[in-house]
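Structure incoming, see below.
Residue numbering begins at 1 within each chain, and the chains themselves are lettered A, B, C and D in the order written.
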Amino acid sequence: MEAKLLLYKKPKLKKPVLIQGLPGIGNIGKIVVSYLIAELNAEKIADIVSPHLPGLVLISPDNVVEPLTIEVYLYKGKGRDLVLVTGEAQPISDFGQYECCNLLIDFCEEFGISEVVTVGGYGIGRQVKEPKVYGIVTSENLVKHYEKYGVVFQKENTIGTIIGMNGLLLTFAKMRDIRGICLLAETLGYPLLSDPKAAEQVIKILMDMFGLKVNLEKLEEAVKDLDRLWRHLEEQTRKMHEKKGVSEYSSYIG
Amino acid sequence: MEAKLLLYKKPKLKKPVLIQGLPGIGNIGKIVVSYLIAELNAEKIADIVSPHLPGLVLISPDNVVEPLTIEVYLYKGKGRDLVLVTGEAQPISDFGQYECCNLLIDFCEEFGISEVVTVGGYGIGRQVKEPKVYGIVTSENLVKHYEKYGVVFQKENTIGTIIGMNGLLLTFAKMRDIRGICLLAETLGYPLLSDPKAAEQVIKILMDMFGLKVNLEKLEEAVKDLDRLWRHLEEQTRKMHEKKGVSEYSSYIG
Amino acid sequence: MEAKLLLYKKPKLKKPVLIQGLPGIGNIGKIVVSYLIAELNAEKIADIVSPHLPGLVLISPDNVVEPLTIEVYLYKGKGRDLVLVTGEAQPISDFGQYECCNLLIDFCEEFGISEVVTVGGYGIGRQVKEPKVYGIVTSENLVKHYEKYGVVFQKENTIGTIIGMNGLLLTFAKMRDIRGICLLAETLGYPLLSDPKAAEQVIKILMDMFGLKVNLEKLEEAVKDLDRLWRHLEEQTRKMHEKKGVSEYSSYIG
Amino acid sequence: MEAKLLLYKKPKLKKPVLIQGLPGIGNIGKIVVSYLIAELNAEKIADIVSPHLPGLVLISPDNVVEPLTIEVYLYKGKGRDLVLVTGEAQPISDFGQYECCNLLIDFCEEFGISEVVTVGGYGIGRQVKEPKVYGIVTSENLVKHYEKYGVVFQKENTIGTIIGMNGLLLTFAKMRDIRGICLLAETLGYPLLSDPKAAEQVIKILMDMFGLKVNLEKLEEAVKDLDRLWRHLEEQTRKMHEKKGVSEYSSYIG
């Protein structure tokens, strides 16, 4: 069984760019892309279902089951169209992450997406008032272009590696001759601490880059809601996992 | 090598519903479905063999080897036909669980199964006299329908997530436009403790829901038998696993 | 990449039986089948290469590399032909074991093998003078047949489960309507302790069952040689594994 | 999703030999092949991308993303052509290593490569002034040939096993009737300690074997550069991994 992209609506896209944000350090990617989806009223056009996502499902407050997927939304912009990718989890194995990126990059090729932006956090172990947003690009000659929007490029890069789908999708883009950037916002880097300030810096850059109008006033509130949901889910999941131990054990002996 | 559904008999089904119960918290799903199979004298029509089930086989008291499979039974009811799914274990990896659910949902589509019920336990850490049975549905507009049969829907859901095949099968159903419900009975939630009372509550709801006549008198005895078998298997498995350590080790050096 | 059976010589077989013995408790299966191969001068006809075998290779004393495979030998008997299956290791994952058994059972079907015997140990935690050999069969009506050769069938089976390829191959046989037996010899069950006495009991039964003439005098010596090889390999493997830690680590940072 | 060999240039090869060196004990393989590539000015002709390589990407000092791949270079020699295989990491699972070796050996067959050399370290727990280079071959009759170049063959082999792609590629070669040798240089065997002296011994042997002219003066400096890079990456990776813990955790609860 392989991961699949379920396309609900074949889009016609105008100079499209894909922006991916998933849970991670400071949850910056997830916050940025979820907020854009909500504020821009983007429409869901596809889900990636993967057997390498965690084997659990979510339940909404109204008792309805929700699959865990990588979600793909479309926003028809004035200048360019945005394909926004997010989800409540990353695949749990390196293999699953490779597979999802492969589906996304095939999607990019099929629909003529010429630019890929991935969003994540760069844990620096302390809080700063104005978090910088560092850039890692698919080609050196893109540095000047992205610097115009306030992205910082280190003189002698000290980040070294990018872990997870933020890095993988970017190298897949590079190997298919799609240009792109990974935006890494400075953040404290503590467990389970969402960082709205760092997210705000990234959103401002994206607004400038793609001519978006986004009201940032509700961001802090939105992050509080997300955090409430996460804490809630975390508690339930921990409880269920303790039970899962039981279930797995009994499944071995039963 | 992929999991396969071995169909022994192509069924003609009348308004069929699939009911799945596997080992888990309080073993409620397994007890419910096994008891229905025995009491309704249901006929085995298929086995799912999966390389992601544990790499062991069972031995019956008369020294005959039995494969570990997900078993599919059919009961031709007066009103509707029941497809009953159970087994002695769940696949051991999340991937294997996705794969099995995929086979089951393909089976549902092929044979026009329009409703899926999964049965599990909801560990609450204490014993209650009359365990409630909570419902999680594929669509909000099913709440009223299932409430008629005594299923409880929380005002503001606090369960959060469902782990394993109970949740996965339900979201697969939802994505194929098959309606369904996960029934989670309140139970203590301790390891290896089967809960016949919680199972009884679920069976009563299913009897009402699908117009079944089931004699509940033998339930407590049946659970004792199951527990005896499980304890027995557990002991042997533990012993064998200690040996397995040996075998695996020697297999590395030999 | 899937496991493959490399067939070097398409055999014509006379009422063939397959006998499988792999490393495990007391190494009984491995000893029995290796000794039969040597004494009967059986010819290698196939190798199963599997990406789920351990990722290492053996080196012979004359500095030649040897792949780790599941090896298949043929002995053209007077009455019946024997297909003898052994190897220096079992696949390390349950999935890999399912896959290998699948290849073996396909091989059985293709070449008309009508009986499968798997050989293992049953750890009882103490040494006995004359180890019994217990049988687990694919069908109850085979009990009488095998009892004739001294195989013991427990009145009320207390073994419960069989772990690894011994059990899996037998259930695969059962599902393809091939009859078979798993022979489990009583043995101490301590790590890395080969048990030539238990192996001898199994060989005697197989000699009787299939009309074989095998000189048992060299058995004890052969087991000593095997044990020397195993201890040697174990030591090297442990050393190399300590190094593997290094290598894996450096592979992560390099 | 399977590993793939991306061939950028279909080569015409003259009596070609493949030399593989990857990170491992003392990083000898990686150093030897990287140094040959740099000094011989070899050209990249292919990349193997594999979903079983670590799920991270590298960032060059100029902020450009680099995929983690197994890299294949070509050097057009006077006598024979060299295909040089290296990379910053080995696949992290045994399965992934089998799969990569399979791709490499298919490549060998397609382009008529008749000899395979793999390079690694043999940890002996102490430093020696003049590290010996031991050989393990695909066939005993190659011993005399390789001894001419100073490769040492143990009278009674005590290495026992080879772990990882060094051994696997050699057995794959053997099974396809391609001759070959694994060169294992004596080295201390401590974590993360590159051993330029041992690497030098191997390069000298390869120079002699294939008539190469390589300036060894820059070797020590090159190893220092590599070590600086590795230490740098290690630090970043450790930091990121601590963050990964966070990200993975939050991905479970989000």
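Just so we're on the same page, a residue touches a chain if its C-beta (ideal position, glycine included) is under 8 Å from a C-beta of that chain, and two chains touch if they have at least 3 such contacts.
As the structure is a prediction and not an experimental result, all values here were calculated from the model.
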Chains in contact with chain B and also with chain C, listed by label, are none
So the chain most remote from chain A by C-alpha centre is C
Comparing which residue numbers chain C and chain D contribute to their contact, where sharing over half means same and under half means different, the two sides are different
One copy, chain A, sits on the other, chain D, after a C-alpha rotation whose size in degrees, in steps of 5, is 90
Between the Cα centroids of chain A and chain B the separation in whole angstrom comes to 35
Whole-angstrom distance, CA centroid of chain A to CA centroid of chain C, is 50
Touching two or more other chains in chain D are residues 54, 92, 233, 237
Pairwise, the chains that touch are A-B, A-D, B-C, C-D
Seen from chain B, its contact residues with chain C in the complex are 1, 6, 49, 51-67, 92, 232-233, 235-237, 239-254
Listed in rising order, chain B residues that touch chain A in their complex are 2, 22-25, 27, 30, 54, 88-90, 92-95, 97-99, 102, 121, 123, 135-140, 143, 153-154, 156-164, 167-168, 170-172, 174-175, 182, 189-192, 230, 233-234, 237-238
